[in-house]
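Heads up, there are several structures right after this.
Look at the two complexes coming up: chain A is in both, with chain B in one and chain C in the other.
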Partner chain A sequence: MTQAKINSFLMGVLLAICTIWLLVPFTMAILWSLVDPAQPWTPDHLLPPQMSTYRWTNMWENSALKPALLNSYTLAPITAIVTLLLAMPTSYCLARVPFPGREVAKLLVLLPLVVPGFVTAIFFTAILFQLGLTQSRFLAILIAHCVLFLPYAIRTLTVGFEQVRQDHIDAARDLGASPIARFRAAYLPALRPSIFASLLIVFIQSIEEFAIAFIVGSPDFTTVPTLLFSRLGQDFIRPDAAVLSLILVVPNVILMLFLEALLKSANPTLSSGKG
Partner chain B sequence: MTWRRCATVLLLLMPGLGLIVSLIGMVVYVAIAQSFGLYNLNGDSVFTVAHWAEMLDRKLYTRAVTYSIYIGVWSAILAVAFAYPLAIWLRKPFRGSIIIGAILKAPLLVQGLVAAFLFINVISYHGIFNQLMQAIGLWDEPRRLQNDRGAIGVLFLQTWKNMPFALLLLTGAVQAIPDDVLDAARDMGAGTFARFRKIIAPLSLSAMQAALVIIFIGAVADFSFQVIAGPTNRQSLAQLMVFVRQTSWHEAAVVGVTLMVIALAGSLLLAIAARLILKGPFSR
Partner chain C sequence: MSKIIVQDLTMQFDQFVAVNKVSFEVQQGEFVTLLGPSGCGKTTLLKMISGFLTPTQGRIHIGGKDVTRTPPEDRDTALCFQSYALFPHMTVRGNLEFGLRQQRTPAGDRKARVSQIAVQLSLEQQLGKLPNALSGGQQQRVALGRALSMQPGVILFDEPLSNLDAKLRDQVRFEIKRIQHENALTAVYVTHDQSEALALSDRVIVMRDGQIEQIATPEDLYHTPATSFVADFIGNANVMPAEVIGEADGGGWILDSKIGQLISRDPRDPQAKKINIAWRPELAHVTPEGPLSGTVVSRAFQGNFTDLHVVTQGQSYRLQVPHSDVSVGDEVAFGLDAKDVLMLEPSR
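On to the complex of A and B.
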């Protein structure tokens, strides 16, 4: 067999596996979310006997979905912006200011990724208790999310700052630009894709994050993942879990594809670890 | 370096790196201190090793340790083992290779809890997998597959979720190997396996180590896959930590510190083992 034939054969096999890998699970989830409670889906039916959007409207009206969505989608953009602002100076320093120990600093940035999420969550709560700062769950989760996702933002922005060209900065300076004008003329154009990428990565991570939201937020602060977890655990209702899974996964897939396109147009994808 | 410059660097690092080091440092410090009886939230703090002694004595704890290591090591090995052939196959672009790459990377986009739900939905008692096995006559009746005792479900989920990540790292490393090197090996009569063993694997070692370590750390600390799809007669360390915290912060701290030590030591051992196996003890 020629290489081309082998490739097309392997590709056929792989496409078949991927159908099983992705298509079947998601189809099942969509079908389960459409099961009408009037007629249960029994194993002797290939498709649900009666389909309706009852589960979707019911979840929307009679569960904690609305507050969870509100929490998730206010937390994520604020986290993304705050993290970006916090990451900027460090990234600038790591990319453009040579100093002894810079490589060590770059490694230390990764610290939040090395400590297991649940350890961070539990002992962050212990610190909050110790300091008596338990009034605002929202604020506590916000702080933890910012720290947890700073590595992604710093890594992405460091690559961005490295790509700013020194002659552009020098030219702007020679022409008498103020620091702000210099930033806008020389830095911003090269930096823009990294800024968007950082915002998107942190936004997605914050929406998906479970450990912190679950431990720090429990019992009364819910996000979409913690709500899904409760529907997978003590009160397992398959159609409800299907609805929540789809609500969690669909927007993120769209955002991620957007991110991929963005990164492809800009810089090496590996800085995100998600490329 | 002048003082002024030094101060500038410190000021610049403060909001980003400074915040990371202080908060994560505090978290690690509080965990260690609490495991020795300090930072008591409900009474007097007394330095003691009693909590360690008590936990080390409990079967629940030792079983959680071995179970978490089992999950961590196997998840890392399986994900990398599946990713390697795919990375080598996708080394040279061909018609459709971009689509294949995209499909293979898709699980990266699926949140862990959603993945767990999709999985238990497919393998449920009257689920599509059981139906299929009955339809083709392999099984006479449906089998209970969820929460299986060997934790095959958890390992499957970990591999499903992490293989794309290993693939991402390995593809880059494998693509960086020049054709000349592989052609030379082929000319000298190296077979497929010898080329992998002597050329590809050593040259992509650091990517493989990174993949092994990152997947290991994630899987050893797994909570959600274990709670949803894991065996009900044992607990992972993260699960145990959440569970014992309801009664004692200090015992939870013992489990937390154990988890960090295992993550760190296990990562080092895995990286060293990969190096020794692929490069031999004496080469550099």
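On to the complex of A and C.
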């Protein structure tokens, strides 16, 4: 076999595996969420014998899903924006201001990602409570999420700031641009993909975060993941869990595809070639 | 008006002195080129004039004002970047009017100025396009137009032609000269290409290791280089050591070199007994009666002339002959006019 043939064969295998990897769990989750309580789905049936949207309506009407969705979907965008604003100056310095130990600092910023989430959560919440943040659980979780996901934002934005071309900055200055005009003309176009990437990554991380939201929020402040995990724990009902996990994951998948398209459409001349 | 005065300018990076006590003046409307090999400090000098670098020492005056510490955005200079540095997300029009927007020029005036520049640079058809849809030459013209839109007192060029192919380079070169002349702009142009420098400049500043080697008109630079570095950098001269034996009858000096005895009528007196001399390969007369001769070691046919590498007593040099019937191993005889033999600095 030629090199090209082997390559295309391997590519095909990879595609097949990926499809199965994504398709099977999704199909299973969707099927399970449609199981009607009147007739259980037993292993002797390939498909659920009776399908309905009862689980969806039931979950919507009779659980903490509505407040959980509200909490999750207000928490995540605010976290994303606050994290972005916090990460901007740090990323600018890491990318564009030469200082001794810059490479070490770049790695150091990523260090928090090494620690398992629950370990951070337990100790971090202790600090938050000591600071007296028990009054607003929302604020406590917001702060924790910002701190926790800052490394992702800093890393993404640092790469973005590195892509900004010095001659564009210089040209803007030479033509008399104020700092704001300079940012808009030279920085922003090159930075835009990493800003979107950072917003989306942090948004998704915050939506899916369980440990801190659970420890700080329990018992009455629920987010979609804490609701899901509590469903998994006591009186486990598989169809209900399927509904919740789909609610949790579907927006993320859509956002991911959106992000992918966005990054591809980013002006290629910004990072390469003339212009 | 916009005269540039540079006084004792020094730029030091840690231990490295990039520019060392450089002084010169550029008159209003004059086109001056900073010429030198890479690393000679010419770009550093330009960055100090444009304001992107603050000199370690010395002063810069533009149009009678001390601008040594003025940031680039507040200087009456416009820089044409080597990479063009066009904003890729803006149309040609957006790029051309960027500077005017920063100055808060009214929309009417802005439009008039942009169309005037577009006509001058024949960019009318391109105004709505993005820079990456343009050819290299067009991008170059947009970069020039963007700098011109500001009606700067001084226009600065940082090797603007280095990304263009040879044919386009000639064309844009004439265009730059024409526009500089039409707008009576004071221009400082940085290049390492001697033919660009000779073709464009009113005066050329030759730099070497952070210092000025010579300031002269292109003609003077070519005909009376001050040092063997300049002689060799501008149009390839044969530089060789020689000894001054004495004065010749009827003026000039008798010199003894490895290729034989020569007479120089350089109006400058020799600076020492042992000096470097220089002469242009194209000024040698290749005739069988020539008093000098050497062996051809290699030849390169160049079309309108043939380039020969010749050796006499271990001294190699170049000759250019208008015909091509010379082959390797041949003995060539030639003569040199006394006025074409230049006496330069003392040899080591």
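Methods note: the second predicted complex is superposed on the first by the 232 of 275 C-alpha atoms of A that agree within 3 Å, B and C clash if a C-alpha of one lies under 4 Å from a C-alpha of the other, contacts with A are read in each partner's own complex, and residues count from 1 in each chain.
As a convention for this text, a contact is a pair of C-beta atoms (placed from the backbone, for glycine too) under 8 Å apart; a residue touches a chain by one contact, two chains touch by 3 or more.
Since the structure is predicted, the reported quantities are computational estimates derived from the model, not experimental observations.
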So, does A:Arg165 touch the first partner chain B, the second partner chain C, both, or neither?
second
For A:Ala87, decide between first (touching chain B), second (touching chain C), both and neither.
first
Who touches more of chain A, chain B or chain C?
B
Looking at A:Thr2 after the superposition, I want to know if it touches chain B, chain C, both of them or none. Which is it: first, second, both, neither?
neither
Given the touch rule stated above, what does A:Arg173 touch, chain B (first), chain C (second), both, or neither?
second
Mind working out whether A:Ala186 is in touch with chain B, chain C, both or neither, as first, second, both or neither?
second
I'd like to know which partner A:Gln135 touches here: chain B for first, chain C for second, both or neither.
neither
First (chain B), second (chain C), both or neither touched by A:Val119:
first
Residues on chain A in contact with chain B in one complex and with chain C in the other?
270, 273-275
Of chain A, residues touching chain B in the complex
4, 7, 10-11, 14-15, 18, 21-22, 24-26, 28-29, 32, 42-43, 85-93, 97, 99-100, 105, 108-109, 111-120, 122-124, 126-127, 129-130, 143-144, 146-147, 150-151, 154, 208, 210-211, 215, 225, 228-229, 232-233, 238, 241-242, 245, 248-249, 252-253, 256-257, 270, 273-275
Would you tell me which residues of chain B are touching chain A in their complex?
1, 5-6, 8-9, 11-17, 19-21, 23-24, 26-28, 30-31, 34, 39, 41, 89, 94-96, 100, 103-104, 106-114, 116-122, 124, 126-128, 131, 160, 165, 168-169, 172, 214, 217, 220-221, 223-224, 227-228, 238, 241-242, 245, 249, 252-253, 256, 259-260, 263-264
Sort out for me which residues of chain C touch chain A in the complex.
50-52, 71-74, 77-79, 81, 83-90, 98-99, 101-103, 130-132, 136, 139, 146-147, 150, 163
State the interface residues of chain A toward chain C in the complex, per the touch definition above.
165, 167-168, 170-178, 181, 185-186, 189, 267, 269-270, 273-275
